[in-house]
Amino acid sequence: MTHPTGARINNDLIRPLLLTSWRFYLLVVFFGGFVVAGVIAWISQMYYGFGIAGLKWPIYWAFYVTNFVFWIGISHAGTLISAILRLVNAGWRRPVTRCAEVITVFALMIGALFPLIHLGRPWLAFWLFPYPSERLIWPNFRSPLVWDFFAINTYLTGSTLFLLLPMIPDFAVVRDKSTGLRHRIYRVLALGWRGTPKQWHRLESAMQIMAIAIIPVAVSVHTVVSFDFSMAPIPMWNTTIFGPYFVAGAIFSGIAGLLIAMAVLRKFLHLEDYIHPVHFENLGKLLLVMALLWGYFVFNERLVTYYGNGPAEMTVFWQTQRESFAPLYWTMVTCNFVLPVVLMGIRRFRTIAGCVIASFGVILGMWLERFLIIVPSLGHKYLPYSFGSYSPRPAEIVITGATFAAMALLYVLFAKFVPIISIWELKAGEHPSPALIPPATAEHRLGELHL
Amino acid sequence: MKAVYGLYPDGQSAQQAVNRLRAAGLTDRDITVISAQPMEDFEFGRMDDSTWMWWFACLGGLIGMSVGLALSWYTATAWPMNVGGLPTFAWWPKLIILFEMTMLGAILATVITLVVSAIIPRKGQTLYDPEVTDGKILVGVEDPINVSLPAIETALSSPSGARVKRTF
Amino acid sequence: MDRRSFIKLTAVTGASAALASCGNPENQLIRFVPDEDIVPGIAVWKPGVCPLCAAGCGLTVRVMDADAEVVRNGQLGIVRIAAAKKLEGAPNHPVNRGGLCARGQAAIQITYHPDRITQPLKRAGERGDGRYEAISWDDALGEVVSRLDALEAAGTQRALAFLSRGGAGHRAALIEQFLARFGAPPPLVYELFGDEVLRRANAVSFGREQLPTLDLANARFVLSFGADFLGTWNSPVAQSVAYGAMRQGRPGIRGGFVQVESRMSQTGANADEWIPARPGTEGVLALGLAHVIVAAGLRPASAASRAGALIDGWSDGLQGYAPEQVEKITGVAAARVDRLGRQFAEMRPSVAIVAGPPLAHTNGFFTAVAVNALNALVGNIEQPGGVFFTPQLDLAAALKMKTPVAGAPAPPFRLQPEGDEDDPHIGDAQVLFVDGANPVFTAPRLWRIEQALAKAPYIVSFGSFLDETAVRADLILPDHSFLEAWSGAVPESGATVAVASVAPPVMRPLYQTRATPDVLLDIGRRLRRPLNLPWQTFEEMLAAAFAALPSATRDVDAWTDAQGKGMWSGTLPAGLGRAASLPAPPAARPLAYEAPSFDGDAGEYPFHFLPYPSTTFLDGSLAHLPWLQEMPDPLTSAMWSSWVEINPATAERLGIGQGDVVEIASAHGSVRAAAILTPGIAPDMVAMPAGQGHRTFTRYASGRGSNPVEVIAPVTEPATGALAWAATRVRVTRVGPPDGSLILFAGGMREHPEEHR
Amino acid sequence: MPRWGMAADLDRCNGCGACVVACHAENNISTVGAGEAARGRAKHWIRVERYWEGDFPDVRVKFRPVLCQHCDNAPCEPVCPTYASHHTEDGLNAQVYNRCIGTRYCANACPYNARFFDFFNPSWDKPLHLQLNPDVSLRMVGVVEKCTFCVQRINAARVQAKAEGRGVRDGEIQPACAQSCPSRALVFGDLDDPESEVSRLSRSPRGSKLLEDTGARPKVTYLARQA
């Protein structure tokens, strides 16, 4: 195996754009079918009324808000990680950044859709926008939902630009390598990119600035999402730990999402020469760190509640520890802590397969975590007469499933139209051949992280 | 447009070509270099690297913050509403809006600066060759005025591996 | 402009309005010219009388404009009507004093019920299958008249049976007159949870055959034996008003309240002390208290006079009812009996109440007389804070109908298959009129009401809904709703002064219905031998009845005054009141405690079965009102459901969990319902609310839940012949897991759930 | 400005539920039917909570009517992004249905679960709709509704008082629940008027607020049952 040269990089990475196999259509139809089902479910929900979902008094948030938090969490895979790696100039980031950033943008788009889906009157969602209306009433800037609007808006704008800017030189590559209609489209997309030192320099400067700006924004986004809960005087919601807890959880699930995406791309786009086991190894270590951090936060949250021994809090506490929600709770702990710590902590298991298994566990576990934050508290607020239990109905299940399909579909389409690995960054990295990478030693791994 | 340029297989020969052009009396402003990746390891890759982008970003941030402040101040006071006994203009929640707007301003300013200063093509700067995409480095001169064409061609063709082309 | 072209013109404007509001079919209808003046948006308050129970609460009805769909000249359109919007308790009514119970609030839905019968119907299919065809009022009345004429021609006027739900009011008086003049027996009154036992006991104890009025507001100690006086019994609103005053209406004085019952009722839930005595032994407990009082010398035994003399051993100090003895029988600790006895005598004024399950046993009469004696012992009768009897207006006297009518007084029909053989059975009726009663639903299965009705050749129903009895009628002559017709009531209790309520119609009839009193008067006129009732309309009869009363104000006569206020109240002039006291009954054997007998072997059927009137539907006659269906039951929070209440310890022993489907089986029938585990019931008892389980009773009640009456054994209280509805034993078996039929509003039973982990 | 509030005397309340139906009748609250009720969509702006205490035979029951407490620091208000939930000048916690977009955040933030969401367009089987109170707006699918302290009655009484050139008298305004309550457990009035009955009752040593420690400062005072 030789080190891919410039032309080989071009060929390998542009090939998926130029050649279309039947598998692509199959995937599009497969995932598209789920997405269409989800759209139908959503339209039915608007047409027949919100009641076709399983929500009820007093559990007015459940699957949709879980999905919202979950996807916003997944979005922390990309831009945040990629920005950190960019700032510390970690060389191994180069093949990873784009597929990570794409996750951010798509997950944010899907996540931002859920506040709409969950609205009682989604056709009036624009009332959240700060615009001068004939109603003479502006949005309430004291509402965490408006903070959400601003935070997600900034994050989505920033992430999208953060993804798009480095794509311009790659569009130029595709422009030069294609003919016909494709050539004309990519010529427009390349915005006349040539590659002068000034352009390169300005691009890299811009990426530096954006990376610095996007990190606090990413942290703020999930902190604001956590405020949606911690601002309400609800048992187990009204806590100061939610900000960092949510950010850590978001990065945690984000890394897991990234690992899965990388493994899938490597396998199906045959990018074995670009995405190496060492990438998985490094991200796997990050996953381990985040699993330990997550465990720390959960312990913190639980211990404080337990020690405080407030009657309402303890009702919710026991619901998750040993009553109706206990099976879900302990599944979550297994998936989020036991599984990743074992698989990522033992070097022998820290393989690509190990990473993928742990990541799936974390994805499931983190989804459950959000569900278990939202539903038990809402179902057990202070007055036992108004206690309630929740189970989803088809509308919610279909829409939830559809968003996973939508993520896959968007990813497939993206990989079809944009080089999934940043070509110019890969070239700039002058990647040494795998043969030159010294065997994984502790020293080496630390060096690679540049931390 | 009249232009002459050479294509070079690696950074060293491109650097030589740039050096020869300078020796022939051309300024950096007249020399066009195009590559498929940043060439910051070489001196020519750092041409024209001074930028005000950081300052524009800060300015954008300030503007964003001001917009956020103005928006939240105006909307709160235009129709004061009592909610939950909070003050009409509550600073703590507003800080979130101010922060997000600051960051949005900074990001947009950065991108606008980039697009305006480096990506929108300028008149008379159209020299390009698709071979760059395959790893060649283009060094050339557009519309030479002070220096004669043959002199430029000589300078461009001297490094090894050079391939010189003309456009008219 | 003539009327026709005006209608056309309004039709055009209606159409253009429809264009402006495209898509909404309602707005495309023609708008008719209204028949009455009503200012949009302006509310008018009119008096009314609540028709739902015998309490006769006064209403004020809020009337505003509404757009109703009507058919005129074969054309569908909308017209602005003056519609009743809300019922509220009349603030000045001496019974309810502004309050109104949940059922009364919901009564307005009777008028607007989507399944109301809107015009006369003639049976078109088999009896009971609910197929009817429209018939004109003339034809319908012609049919009834020809049937009655045929009876008269055959000389069998006694074969006309009239089945009603009771209540002493002007309507009942009219029915009585109608039947008497025709030569038919008096109306057959049947109520599942009737109070005949208590009335009869009051007659023998106090010479008043009526329900008591309780002056709770002035009482300092209330002792209730099973009476759900805040929920369903007697005059619950009047009693609730007084209850509030008893608890917190007097500065520095808070009345105490003890409830004796083995299944906690809504009323019992408010007691300071709740005492589950063994079913059917409440009378013993009452006499135990009397024993304590007499033995301690707090009151002399003679103070009970006539009421005490009815009890065996009363004058000897009730030797058989010493606390230790009482403990053996009732299960209430002797020390507690002693304490309660002293409290009852010392915390005066005190009052004892008895009603409901304690009287629905085979010794119910004894229990009632025993509690009456206890009341009499401490001097509670007609004293502040005690028991009063509302002076009763004698309507027959007021209407000058005292003159005997033609024919000998006939014995009333009976519903029970056994009994006094001289009385005609309902199955022997040639023509049967049904007004408000639904015995097919509320009578025990073994009385075979359905079979008896099948034998009756001709059944006429005056109901507004197709319930289980009405659906067997050959002819339905739908009544107006109470808001569309003149209504009157003479409350039997609830106030210490005499009361007569009256209210003119509040709104125009929505449909082709007619007021049943007017229909009866019409029939009476059309008969071949007219009945010669002295009134053309019910309104005339009401006017006559009120004209006899003294006016409360100088300026206007009693009739005008009563119409404005919705009622007359005051002191009855001599001759218009019912006898102040019945003569003492001939000296009979004094009553002694006999253990209640229960239907069903205690081994095979180990549980006492208690059907009880539902807080929302009473005996089931209100199950068709959606507000009541969706109102959470006070104790279980159940909506739209029926259920069985089981003690948690019992349920655990039987392997029954909350919501599990259980089968309740007696020797006579079985029902299935969801189990609710509740601590407020004795471990050897299961209870079930009546009201659900209708087979046919509008879209809201049909096929919902199950009817506990199906399980009840046909046991009667021997002294009165009343149904002893609490005397059935049952077995309980788990049938399966929750089937989703139990709908609870509440999520939790206890305020501090962790205490009961 | 008045500050409307309520006192609920738990010693008088006997759990009969008259207030529940009165509220339905006054405020055009639709019934949802058995199927929807089973899914937890029943709407009762006022409910009588029942709690069992102890076990057989020493068992007692606590009734407590719970409605919107019209908190001074209502947690439901600041969380609403569209000001649908806000505070009026006379201390009512108002819900503007037209402005509600259905985030249901207010309903979550309410510690009392006093807010109800319309899962479907409320409907009435004709002609039950003839009963609808024209003074109370109908809600549509997707909005949150709740007790208003019968604001239509408050406004009507104010208009009447103004027309007669006087202030609103104590006891003149009665929400439907208080009006119907047979045992007079609910008393409504102006908390800023020290002479009003509700003020007097709110100062009672028996009085306490529900879930006071959430900091919501509710305006309904519960007078404890004695003994």
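So that you can tell them apart, the chains are marked A, B, C and D in the order they are listed, and the count of residues begins at 1 in each.
In this text, contacts are C-beta pairs under 8 Å (C-beta built on N, C-alpha and C of every residue); 3 or more make two chains touch, one makes a residue touch a chain.
This is a predicted model, so every value here is computed, not measured.
K.L.:
With contacts counted as defined, which of the two, B-D or A-B, has more C-beta pairs across the interface?
P.N.:
A-B
K.L.:
Closest chain to the overall C-alpha centroid, by per-chain C-alpha centroid: which is it?
P.N.:
D
K.L.:
What is the distance, in whole Å, between the centres of subunit B and subunit D, each centre taken as the mean of its C-alpha atoms?
P.N.:
Subunit B and subunit D have C-alpha centres separated by 63 Å.
K.L.:
Centre to centre, by mean C-alpha position, how many angstrom separate subunit C and subunit D?
P.N.:
31
K.L.:
So the centre of each chain is just the mean of its C-alpha atoms; given that, what is the distance between subunit B and subunit C in Å?
P.N.:
Between these chains, centre-to-centre, one finds 90 Å.
K.L.:
I need the residues of subunit B touching at least two other chains; which ones are they?
P.N.:
81, 83-84, 86 - these are the residues of subunit B that touch more than one other chain.
K.L.:
Residues of subunit D that contact two or more other chains, please.
P.N.:
Each of 42, 47, 49-51, 75, 78, 80, 83 in subunit D touches at least two other chains.
K.L.:
Of all the residues in subunit A, which ones touch at least 2 other chains?
P.N.:
In subunit A, residues 137, 139-140, 142, 146, 384-386, 388 touch at least two other chains, as defined above.
K.L.:
Got a list of which chains touch which?
P.N.:
A-B, A-C, A-D, B-D, C-D
K.L.:
Please output the residues of subunit A touching subunit B within their complex, sorted ascending.
P.N.:
5-7, 10, 130, 136-142, 146-147, 150-151, 153-154, 157-158, 161, 165, 168-169, 172-173, 176-177, 191-206, 209-210, 213-214, 216-217, 220, 224, 227, 424-425, 427-428
K.L.:
In their shared complex, at which residues does subunit C touch subunit A?
P.N.:
Contact set of subunit C toward subunit A: 637, 746-754, 757.
K.L.:
Which of the residues in subunit A come into contact with subunit D in the complex?
P.N.:
Checking each residue of subunit A against subunit D gives 48-51, 54-61, 115, 118-122, 124-125, 127-128, 135, 137, 139-140, 142-146, 149, 228, 231-234, 378, 381-386, 388.
K.L.:
What residues on subunit C touch subunit D, complex-wise?
P.N.:
Residues 40-41, 64-66, 68-69, 81, 83-89, 96, 98-106, 108-109, 112-114, 230-231, 236-237, 240-241, 243-245, 247-248, 254, 256, 264, 266-267, 269-270, 272, 274-276, 510, 615-616, 626-632, 634-635, 637, 639-641, 647-649, 678-683, 699, 704, 740, 743, 745-746, 748-751 of subunit C touch subunit D in their complex.
K.L.:
Name, in rising order, each residue of subunit B that touches subunit A in their complex.
P.N.:
Residue positions touching the partner: 32-40, 44-49, 51, 53-54, 57, 68, 71-72, 75-76, 78-79, 81, 83-84, 86, 90, 93-94, 96-97, 99-101, 103-104, 106-108, 110-111, 113-115, 117-121, 125, 127-128, 130, 132-135.
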